Amino acid sequence: MAGETGTTRMETFSDGIFGIAATLLVLEFAVNEANGADLGSQLLHLWPSYLAYVTSFITIGIIWMNHHYCVETMARVDRTLLFLNVLLLLTIAFLPFPTKLVAEFLQKPGEQAAVYAYDATFIVMALLYNVWWRYARIGRRLIENEVPDSRLRAIDRAFNPGIFIYAACFVVAIISPLASVVLTLVTAAFYLPSAALFERRR
Amino acid sequence: MAGETGTTRMETFSDGIFGIAATLLVLEFAVNEANGADLGSQLLHLWPSYLAYVTSFITIGIIWMNHHYCVETMARVDRTLLFLNVLLLLTIAFLPFPTKLVAEFLQKPGEQAAVYAYDATFIVMALLYNVWWRYARIGRRLIENEVPDSRLRAIDRAFNPGIFIYAACFVVAIISPLASVVLTLVTAAFYLPSAALFERRR
Amino acid sequence: MAGETGTTRMETFSDGIFGIAATLLVLEFAVNEANGADLGSQLLHLWPSYLAYVTSFITIGIIWMNHHYCVETMARVDRTLLFLNVLLLLTIAFLPFPTKLVAEFLQKPGEQAAVYAYDATFIVMALLYNVWWRYARIGRRLIENEVPDSRLRAIDRAFNPGIFIYAACFVVAIISPLASVVLTLVTAAFYLPSAALFERRR
Amino acid sequence: MAGETGTTRMETFSDGIFGIAATLLVLEFAVNEANGADLGSQLLHLWPSYLAYVTSFITIGIIWMNHHYCVETMARVDRTLLFLNVLLLLTIAFLPFPTKLVAEFLQKPGEQAAVYAYDATFIVMALLYNVWWRYARIGRRLIENEVPDSRLRAIDRAFNPGIFIYAACFVVAIISPLASVVLTLVTAAFYLPSAALFERRR
């Protein structure tokens, strides 16, 4: 025990934040109540909201799966890891706000600032995710004995590109905010095959 | 392990999304604060909100029970199933928005578009549910050895009508949006006796 | 198994709804942003909001504890109990709306209708709670073998007054809505000593 | 059993409230939709919102970790502890409201009242936390036999300053509301090294 405990409660708390943050995304959707006759076309014109919703939801889902996969390699947690976990969750719980910005401002004045804020959030998230993982992994500090080094290296390989990809999304937003959001969605879908890849290699 | 893990954490995350999506439904209710003297009749005129709330809540509850029942047959999950699960949850977490549309626009201009959006969400949900289940079930890919084939077939039988029922709700909305919502509520109640049926047959 | 399963996942889902419904109560609080100089006195004049928040939160907390205590006596759940549980949770998840009505309208025009809606919600909740418990308890349908009858009777004794108390709150609201809310708060506090009582008797 | 039960479900419910309260904090963020061209500078001027968000989120995270650490020393819970836990959670679930006040009013008229409300919430929270812990700890009422007294004393030492620190924050707000919020943030960061300290001593 002694300040180092099982991973269960960190998982429960994290699952909660992941789940709630993902579900709060829906609150971004809004239509003009006064104009019901127009509702059909209003719903079609909400496509930036759908795009932002799907992108953020899938990203949270993938990060949750990777978080799950990483925690599985850990034998225990300590207070520093829990604190880093709180910082990581802080970023994930923040995501509904920039998502709402993208939903509201994409294809309108202010779209650049909205997508910068969106991408910056993902960069910080990827950064904290890396710090969180590396803290547990370096010197196998919190890793279970039976977990082979090859599995840890596979996780490293999968995470290394993360920050660069989101930085690239940020750069793309200078030219086209819409393309940047689409790239973020593609990124969420990219993590999966990549992960499948490193599983096969093991 | 090797990327295939127990079903517990998928259940925790799913229960979270189911529970939060169901609870966020309450945010659709709104009254005009400026007109307190009128509050009693305002509350009575909110009946489309009550109808939409009860329909969506019970539907989420039933889907949650069926999800639970399906996961019980599984020995493990893999990344593809987790990803399909994320897509399914994305649809369920989206439900508070079309529910709010129905609550606000039923019996007013725009009701048709609102109910189309509502029914379309259920169609997508039923579709993803089927894909999710079939992925786990085909060739008993993720099914526990002790689970008899008859139990799997019973689940198939219970799920097959789902998409068609929701498509029928959609068609009914062309004639009467209100009847369509009532049919959706009846559908949520129908799943139960049907489920009871296949249990007795086993 | 056969459609009857352990109580764990019903507890997880219920805990989720209880927790989220309780936490969403905070969204009732609102101040006028335009009038910051006045904020101190605005916060004092929010006392109906504080009263409604504390009353609803403690009630949810107590119901959650009683729910917990009842589930502990159960060996398993079946689909009917799960469905009744969904209906019970539907009422609990609805609570933030009448709570907000009380917060907004107490001591203003419309307070009577607001408190009627509040008390009616509690009456329905108490009713569903009784049905849920009696379904599991009659003929010891879902009760664990080791649980003595005296314990079940003690739970009965504790629940029997519930509906009558909330009906009394409703009647009191005809004369004084404020007194009715205070009585509801006192009721939440009353369940505890009563529960302590039946524990000692066992 | 007999009204005293394992600590698991208290943890599940508490984790839920902690997680949801933390995630609801994001709802404080708001921008003026009508003024998109200005979005970049609007986002920069939101710094009081960021400060309030980070302060409250980290505080909730730390309290959650300490709660976790305390519950680990307990062998069981009784109804009184559960009730005190409900009161503690009531305060934590309330936090999004004063956080929003700080976010909206810091550096504007009304900032003093906003920060008083914020600090008062933390004082009540620290108070209830102490009562909750002391109830379990006095005479080792609910403590596991194997837990050494030194560990309990270490927790006492870590908690004793809590109320005084938050009272100090309150006093600082008389002179500078901004400094008070910064001090609250520093406090959240201070609990960690302190906790690390008592772990080393054990």
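By letter and in written order, the chains are A, B, C and D; residue numbering begins at 1 in each of them.
Just so we're on the same page, contacts are C-beta pairs under 8 Å (C-beta built on N, C-alpha and C of every residue); 3 or more make two chains touch, one makes a residue touch a chain.
Bear in mind that the values here come from a model prediction, so they are computed numbers and not experimental data.
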Proportion of interface numbers common to chain A and chain B (over half same, under half different): different
Intercentroid distance (Cα basis), chain C paired with chain A, Å: 36
Between chain B and chain C, centroid-to-centroid distance (C-alpha), Å: 25
Per-residue multi-chain contacts in chain C, two or more chains: 12, 16, 20, 24, 27
Category of the chain touch graph - line, ring, star, complete, other: ring
Touching residues on chain D, where the partner in the complex is chain C: 1-3, 5, 9, 12-13, 16-17, 20-21, 24, 27, 79, 82-83, 86-87, 89-90, 93-97, 101, 104-105, 108-114, 116-117
In the complex, chain C residues that touch chain D: 11-12, 15-16, 18-20, 22-27, 29, 31, 33, 35-40, 43, 53-54, 57-58, 61-62, 64-65, 68-69, 72, 192, 195-196, 199, 202
